[in-house]
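A, B, C and D are the chain letters, set down in written order, and residue numbers restart from 1 in every chain.
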Amino acid sequence: MPDKLMSLAEAIAAVPDGATVALGGNTLHRSPSAAVHELIRQNKRGLNIVKTAGAYDVDVLCGAGVADRVTAGFIGFENEFGMAPLYRRSVEQGRVRALEHACYSVIAGLRAATQGVPFMPVAGLLESDVRTAQGFRTVTDPYSGQEVVAIQAIVPDVAIIHVQEADREGNARIYGTLFEDTLMVTAARRVIVTAERIVDGAQFAAQPELTTIAGWLVDAVVEAPRGSWPCSCAGCYDYDAEYLAAYHAAAKDMASFQRFLEEHVLRDSVLSSQL
Amino acid sequence: MFPPDVMMAVAMARLLHDGETVFHGVASPLPMVAILLAQRLHAPNLVYLNITGSANPQPEQLPRSTVDPRLLRGTRSLVTLTDLFDLSARGRIDTAFLSGVQIDRAGRINMSLIPGPDGDVHRPKVRLPGGAGSACILPTAKRTLLWRTRHDRRTFVERVDFVTATGHADRVVTPLCVFRRDHGQLRVESIHPDVEPATLRAQTGFTIDVDESTPVTPPPSEQELATLEAVDPEGVRKIEF
Amino acid sequence: MPDKLMSLAEAIAAVPDGATVALGGNTLHRSPSAAVHELIRQNKRGLNIVKTAGAYDVDVLCGAGVADRVTAGFIGFENEFGMAPLYRRSVEQGRVRALEHACYSVIAGLRAATQGVPFMPVAGLLESDVRTAQGFRTVTDPYSGQEVVAIQAIVPDVAIIHVQEADREGNARIYGTLFEDTLMVTAARRVIVTAERIVDGAQFAAQPELTTIAGWLVDAVVEAPRGSWPCSCAGCYDYDAEYLAAYHAAAKDMASFQRFLEEHVLRDSVLSSQL
Amino acid sequence: MFPPDVMMAVAMARLLHDGETVFHGVASPLPMVAILLAQRLHAPNLVYLNITGSANPQPEQLPRSTVDPRLLRGTRSLVTLTDLFDLSARGRIDTAFLSGVQIDRAGRINMSLIPGPDGDVHRPKVRLPGGAGSACILPTAKRTLLWRTRHDRRTFVERVDFVTATGHADRVVTPLCVFRRDHGQLRVESIHPDVEPATLRAQTGFTIDVDESTPVTPPPSEQELATLEAVDPEGVRKIEF
């Protein structure tokens, strides 16, 4: 299989403005943050971010003007940091549209995409205002007559997944929780894997049961040590509570947020500074 | 008087039965603590599942995020969030924990938004985090225990401004009381020690029946307090307050 | 979690006549053959066997009169041995009903069961006579108006899965290909795991990424060394070509098949004779 | 004259393109050999997927069952059959290999049954193995290459007795010729060396255009023969005959 290893800049350059982009990880954990920062540096616009539960990644993309739609079930920094400040403000001020889902209906949409069908029936949701607000339709089971909510396929143009180990063909190992990452990989048209470590593919051949993502589903592989920072990466590092607290403080107004972005994201040196 | 974090953790733990399959999601320190507490007290065979996909973890240190890899320690298996939602969808979660920014008399929750002018949900006055899994879990898990660390009239309302989820809410645990949902309505099952009925009425945005004859939540026992201290020595549960 | 280890006889005793039983593995590989033999010894009747592609397991259950329905995409011994003789004869003579699926529609039905929805849309199949023969209905996508085949949920009463390693709680590792085994586990009401080896659960805790089946989904664990025999079990043993050839020869008529069953399956000693 | 197993393996390999994603299922020794052959000859970047869930395996010994664990050797990943069908369903399999007990003029296949009296499909005259994945793969893979080791009038029929699958059949490789599906009809693309047009006509159950001007399938080259011998030294492909 071809060598898919490339620079982060090159991998992210292939993400077009307006794309639907699925981000792996969940809340403060194993987010593809290095790639998120590169989306900001490359000044992408109009992205629709797909995630079940997002935090820093979705929030900073809203604040930087990169995302204008968020398809997700939950956006928040959990109890330690609270609300997602820029997501919240962007939606309230009309710059970002919250395409609110249940986490499970995001999953249903990704499943439909994975399975090549236009929609996926999903249990629950019938009496939720989320359904009516988003115009989720229903379908009648042709066997029992039961009404079920139908979620339209969500086909990400790109899925970006951060993993602990990958080889140059794109085979990848995730240690710890997978979240919805493998489903995003199969649903998406294009897959970018960023990895803490690039390892020899022979290791994967020795124990293919541990391979989480098959390389033949992957388009680009990027070496990105500390690529989840400031989020956690299981077995590698914890989330950076100090940075996240500073982020929250900076997010109070747009001027301080811009300075924060300049210092921590827009400067070229950001990645190397974290090594 | 017991601090609300103690009272709530204990009250939530007591609601769990031995042998049940119990689930919590993101941003759920109190359920995490309550489940670990129940396992040590009266429910050794409870199956504790959480959004990290672990089963019966034995965390060395309790995380402040309930999606944290610390919740994987000791698990013998890993599943995805998808697997957990599927489990709920097919009716195999006995008890789920969910919360709501607003909770109404019917046990419905709002985690989504406060609508803008003319009820606009797309340009809301307040954008909340969203219900995560609740719109699918509340109607499909056999029962849901709601909890909320704030008990006031903005939280406990006659009707939520937006129905993020409705379904099988069974109990609501707050710093002031335990509600039980009965014939589709929240009723006070017990009032916590040292809480005045008048305070509870004043803090609740819908009419409730509560007076001196309302049962009082039994105060935490010595054993409950000691076990809680052992389970959560750093008091991670307090970050919810 | 409770100790679920029990004898094969005890685990299989809980399978009621008339049950829908999903069998793990695929054609000649990792079939739960020891459990299949025990179903025959316990003289079960009226089972509906669910499998994507079956061979010996389904065939011998048809020949022994245990199965009266087969829900599957393919039943055959592949090129070395050819047709499934007793399945074929039983269907042609009306003793067994072939509920023919595509393998993928079996998967769709198991997915619907797993996801708690009454049906699952599936790509393809629209113009196949399999659809009309089995009365698969269609459903209209409420978004695009596209017609899609809808497969009714297949909820096995029992799934029986053979694995290389399990602990007493039911956590299990499958080495090599999973086939549809994990989907059968989630779709079924009850799960029986038979294992080559019972191992200490601490091994699972040390590397939960390798756990294929979560113990909390499992009801019974059985130690069954060589439990796939005469089928293969990856990393443990090959299929027994000599036995399978003798089986095919014996299957030519019912008298010789009965003698074969007596000798190889019905005698109590069958399991121990394979150790 | 080249033996049909050699002629077919080589003809099938030639139909594969470099860089394609190619899949075969159960009971498929010839596709297995053809794919491995193509990878060594002209398609080093072909992605070879099979029902065992391996990718680009390097089997030490070719299995006689194509679901065999021997087909896992060297793979760096494992997927399920579900993953492979999903891949086809979303249009990401470039080329699939399928066979049929009957194949008709329209490129439809029957792997299911010969109906009983009055067309009874539930009590068939002959119960065949079933189509495995074909009813879903033939309509969704970008193209399917059919192969059949028997070429006679019972196999190549005007209309199959039961349409197990129909869809994107592109070519059919037999011991006598290669058919190409063109405007929905199988036409002889090339006749194998030393096969008489009259024989091909007589053995085919539908009308075909074939005469002395019909292109002849190029005979296997030295390189093809040597590589085939290296890929399949035991001649596992012959068990299909």
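What we mean here is this: contacts are C-beta pairs under 8 Å (C-beta built on N, C-alpha and C of every residue); 3 or more make two chains touch, one makes a residue touch a chain.
If you're wondering where the values come from, they're calculated on a predicted model, not measured in any experiment.
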Co-neighbours of subunit C and subunit B - touch as defined: A
Comparison of A-D and A-B (more C-beta pairs in contact): A-B
Whole-Å gap separating subunit A and subunit C, where each centre is the average of the chain's CA atoms: 37
Distance from subunit B to subunit A - Cα centre to Cα centre, in angstrom: 27
Separation of subunit B from subunit D, taking each centre as the mean of its C-alpha atoms, in whole Å: 58
Whole-Å gap separating subunit A and subunit D, where each centre is the average of the chain's CA atoms: 40
Per-residue overlap in subunit D, given as positions that touch at least 2 other chains: 54, 72, 78, 88-90, 140
Shared-contact residues (touching 2 or more other chains) in subunit A: 115-117, 122-123, 176, 209
Interchain pairs in contact, sorted by label: A-B, A-C, A-D, B-C, C-D
Subunit A contact footprint on subunit D (complex, rising order): 21, 45, 47, 49, 54-56, 72, 74-79, 83, 86-91, 140
Subunit A to subunit B touching residues, read off their complex: 26-29, 52-53, 72-76, 78-80, 83-84, 87-88, 91-92, 94, 97-98, 100-105, 107, 122-131, 133, 176-180, 182-183, 232, 234-235, 239
Touching residues on subunit C, where the partner in the complex is subunit A: 112, 115-123, 137-144, 146, 148, 150, 152, 173-176, 209-210, 212
Footprint of subunit B on subunit C - complex, ascending: 1-2, 113-117, 167, 169, 171, 186, 201, 204-205, 208-209, 211, 213-216
In the complex, subunit D residues that touch subunit C: 26-27, 29, 51-54, 64-69, 72, 78, 80-82, 85, 88-90, 111-113, 121-140, 162-167, 239-240
